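Following this line, the structures themselves.
Okay, so subunit A shows up in both of these, paired with subunit B first and subunit C after.
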Partner chain A sequence: MSDFIKGSGDGCGKEGGCGCSSGSAVNSHTDHRETDMPQTRRGFMKAATALAMITIAPGITLFATGGPAKARPLDEAASPKIRWGMLIDASKCDDGCTKCVSACSKENGWKDNGRPDTDAQWIRAVTLKNRKTGATATLPLMCQHCEEPPCVDVCPTGASFKRADGIVLVNKHTCIGCRYCMMACPYGARSFIHEPLEDQKDHAPRGKGTVESCTLCVHRIDEGRLPACVETCNAEAGGALMFGDLNDPNSEISKRIATYASIELRSGLQLNTGVRYQNI
Partner chain B sequence: MTSMRIFKFILSIWIMVIGVSLPGQLSAAESSLLPTIAKGKGDKCVLPTEYMRRNHMDLLDHQRDETVLDGVRTKQFSLKGCVSCHAVKGTDGKAVTVKDPKHFCASCHNYAAVHIDCFDCHASRPGEKDQFGGLKSKPAGHDVAALKSYLHSGSQTGVLTGQQTSLRGRNK
Partner chain C sequence: MARTTYKVLKGRGFTFWSIMTLHALVILIGLGATYYMEHNGHIVTGMNNRIVWGMPHVFAIFLIIAASGALNVASISSVFNKLAYKSFARLSGLLALALLVGGLAVLVLDLGRPDRLIVAMTKYNFKSIFAWNIYLYIGFMVIVAGYLFVQMSRGTEHLTKPMGIVAFAWRLILTTGTGSIFGFLVARDFYDTAIMAPLFIATSFLFGLAFTILVLSFTCFTIRNQLMTREVMQKFRDLLIIFIVVVLYFTAVHHLNNIYITQHHGVEKFLLLDSPVYSTLFWGGQIILGSILPLLILTNKSLGSNRSAMTLASIMILIGGLAQIYVIVIGGQAYPLEIFPGWDEISSSYGDGQIANYMPSLPEILLGVTGISLAMFITGFVLTILPFLPEPISDE
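What follows is the complex of A and B.
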């Protein structure tokens, strides 16, 4: 846990706030800047970190959960020093498990209307098969949050953009629904909203005529929480998803990537994706 | 003469009746034409009401870019804040959506005949947990529960089986 606290970069202070620009008058979150964190809480965090560390193989430790943990102050912009990324261990994805998918759906309010060609799919469970050997791997596939995103290159209005901390998003205020980005995405990660919607989640605005995709749960990250899929997979499934700062060499995700082989999907495109896979 | 007096008397009575009832009728008509603006929570708005009436759209426009593009999530001028603070309860006790003419934004915008697009995408009433002052987010530290359950579940190695699906294909 605290490893990701370090991983979230410097300048962090308040943990708090709500999703998308909430104005809720009630804010239960406490200020716990590393320097002025009460000793008891600091001790608790250390203990939690120790607890969180489990041995999965000789010499390999995995931090069970983590995430930004320290939210940025509400008035601070996303930092370019950070690059949020995800590491997915396909060997821990059980065949048929769709907990990450349902967690995302519940968190962000998109749902299956029984029209697979047009329904929103921010994340989906995909099974890959090696044609030569027949070996298969099940894994979640979503926006890969490329460093060089083709969707951003083709967008005529600049609505498809990459935030300073590496999260690729659609600014729905300027999206004209042309769907060039959907064509450009090598992962088929984006979908278009065809029908008028009602009762969207207040932290995940989405509406007819715009393109959307995985936001890496940007509203959660900004308040110091893990993306919904990661949190759910850690709590209820195999713990296949790890989230953290790829720019911080001391973050657990960086250490794992540096130590064990991982790949980008369609690496030949040299997009330097923020989402990486292991054991495919 | 007598009939004329009676006529005048009736006329004066009638004029009195009209005179008494007309102002009432006018005010009733007036109140149904003017927007009925629900009072928000708290003592005052984030800025003086007069200023907000004229400039709320600019404040929201500025804030939306800061939030979406940079991730700045200050609360003073957030749309979510407006929606939360100015929520209007419907007959079922829940907050009404923008489709209801009593909705804070709808009441004025319907009157002014100015269409708003905000709620094509944004929620026009507070999230379930946020309705009328509830907490939206789980308190900090809830991750510990997730962590505990993860620790108890232990690590697993998935069995790699399944059907072939192309990477580009949409797997339901």
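What follows is the complex of A and C.
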């Protein structure tokens, strides 16, 4: 555990961490942010790096973040050799930051109508606190893209399905809106569309009376781009999200998972989630 | 043993037609409510992204469970050769079919896309217990229809017993499937247990018999005294007592099992003690109104075999049953998912870590009630055109 904290207590944003081993993983992250680098300078560096990454060298960016290096031709099926996944370093998530949520909403066209009980939420920011220790954490929660997804198991029509490359999706043409997948999802990651929709995105078709959830921005992945939340977090926030191929031992995400301890949420269910977390 | 003769329901009278008219009105209103919900979306219901199954599902599951139990009277006569029940075998089969149609209608009309029913009928994921249930429901209808056919046709009576055995086995499998819809949900603390299947089977026996008694009391209003003889009443009373006790047993085992498991203490405390809604419905609805009071009535020597008292007990049992299903379906969802064990303050826009809110809206209640009315209307209508009722038997 101490190795984990040493290696990944990188709230400062340094790759591989900065060697701190004091306190809990969560708190060590907070300490570093305050002491390692002045806020303005750090922010400037982050923004400048992100800008350069996005505008000057997108190919390098994708490679560096382990993302899809090239677009998949439309006539080519998704490859079972790939398993897309995400690694979320909670120590890099700022309290109150919802940039990944906003990016997802903007990208996929779901909106906050001020009715959180019924509004679609493909991704949400969760704040955790342990009263005894005082430790806190903030992290994004979305579909965990399980290898053994309960939503796919229970769907009567097969509308919930897992693509060959591990992305769990809903076929909008065969979803009958029974919501059994929502009963089965261990993460509350799915939303039912409760009201008529307007201004849909071409790449993210939605339909009243059907169920939906995070697609990992499958349309972007197929174009060789990063999911919107990852891209935005890298560019505008702490770079907490890493995307890549979990099956490729040379991908950055695989190397990171192999080096530093990470967890699956509700790991006892043995679903082998595609989304993993560090520092919670 | 003299042959039992059957006839259509005669002497229907004002009460019968009043009840039928009332059911027809409820069905029309329910269809209007369905249109309203489908047009505006589920935003006009109390259901949301955490309580994804609401009042329509409570009624639908209640009716589907009752349907398999309603076949019980027929099964006892055909499978276990209890001749006292034989004369009610046809009615039992009819009621089973009608209740199933009522329950399925509610389930289908609550779908987000009921227009895609054809998809549900043609595309199957065989790993889904829900998909299996669709087969089980259809199979149940076909088998019970066949069972009724061999009972009602000349020269096919020898097939009654084998068909009765098939129907009995199928109904046990069907209710196992219905219970497993919840039992197979690994994500939620209150479900994810094999006991849901036998619990639902026990419950089905109770609901089914209570519905049978109510149909005999109300739909067959003018001849109920002849149909519900003292002997029949005593047998029904004994069965009701047994079924109530068995349901209580499985309910107790389910909760005790959870109470033993530390991980499930939270949901048990919530459902049994802390929740003003679910705890009240459990203790006040299922246990006191639906179990203890009917038991007191039925075991009372002067009341137990009285038709009015038994009818009242059946009504109590069914109201308690609705409360039981409400606690299972809604209460089980209202308790938050344990995504972050060890963290005691959890907050998010989704309400992680918090009890989910649910306030059923009028349209969804109307849709649910429509299922009951549809079942009763079908039963009443068929009784008037086909010979399902035994010739009244003398009590002497």
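Simple rule for what comes next: the second predicted complex is superposed on the first by the 211 of 280 C-alpha atoms of A that agree within 3 Å, B and C clash if a C-alpha of one lies under 4 Å from a C-alpha of the other, contacts with A are read in each partner's own complex, and residues count from 1 in each chain.
We adopt the following convention: a residue touches a chain if its C-beta (ideal position, glycine included) is under 8 Å from a C-beta of that chain, and two chains touch if they have at least 3 such contacts.
No experiment lies behind these values; they were computed from the predicted model shown.
Engineer: On the A-aligned overlay, A:Pro196 touches which partner chain: subunit B = first, subunit C = second, or both, or neither?
Structural biologist: In the superposition, A:Pro196 touches subunit B and subunit C alike.
Engineer: Of the partners subunit B and subunit C, which touch A:Val154 in the superposed model: first, second, both, neither?
Structural biologist: A:Val154: touches subunit C, not subunit B.
Engineer: With the two complexes superposed on chain A, say which partner A:Asp117 touches: subunit B (first), subunit C (second), both, or neither.
Structural biologist: both
Engineer: Does subunit B (first) or subunit C (second) touch A:Ala125, or do both, or does neither?
Structural biologist: So A:Ala125 meets both subunit B and subunit C here.
Engineer: Can A:Val211 be said to touch subunit B (first), subunit C (second), both, or neither?
Structural biologist: second
Engineer: Any idea whether subunit B or subunit C touches more of subunit A?
Structural biologist: B
Engineer: Applying the touch criterion given at the start, work out whether A:Arg179 contacts subunit B, subunit C, both or neither, answering first, second, both or neither.
Structural biologist: A:Arg179 sits against subunit C, while subunit B stays out of touch.
Engineer: Identify the partner contact of A:Asp222: answer first if only subunit B is touched, second if only subunit C is, both if each is, neither if none is.
Structural biologist: Only subunit B; A:Asp222 stays clear of subunit C.
Engineer: Starting from the residues of subunit A touching subunit B, keep only those that also touch subunit C in the other complex, and list them.
Structural biologist: Dual-contact residues (subunit A): 112, 116-117, 121, 124-129, 137, 141, 187-188, 196, 207-210, 265-266.
Engineer: Mind pulling up the subunit A residues that touch subunit C in the complex?
Structural biologist: Interface residues on subunit A, with respect to subunit C: 112, 115-121, 124-132, 137, 141, 150, 152-159, 174-180, 182-188, 190-196, 207-211, 265-266, 269, 280.
Engineer: For subunit B, which residues count as touching subunit A in their complex?
Structural biologist: Contact set of subunit B toward subunit A: 41-42, 46, 63-85, 97, 120-123, 125-127, 130, 133-137, 139-140, 143-147, 149-151, 153-165, 167-172.
Engineer: Tell me, which parts of subunit A touch subunit B in their complex?
Structural biologist: Touch residues, subunit A against subunit B: 1, 15-26, 28-30, 32, 48, 51-52, 54, 56, 62, 64-65, 67, 69, 72, 74-78, 90-96, 112, 116-117, 121, 124-129, 135-138, 141, 161, 163-165, 169, 171-173, 187-188, 196-203, 205-210, 218, 222-226, 231, 234-236, 238-240, 265-266.
Engineer: For the complex, give me every residue of subunit C touching subunit A.
Structural biologist: Touching subunit A: residues 38, 40-43, 47-50, 52-53, 111-114, 116-117, 119-120, 123-125, 127-131, 134, 181, 184-188, 333, 337-340, 342-352, 357 of subunit C.
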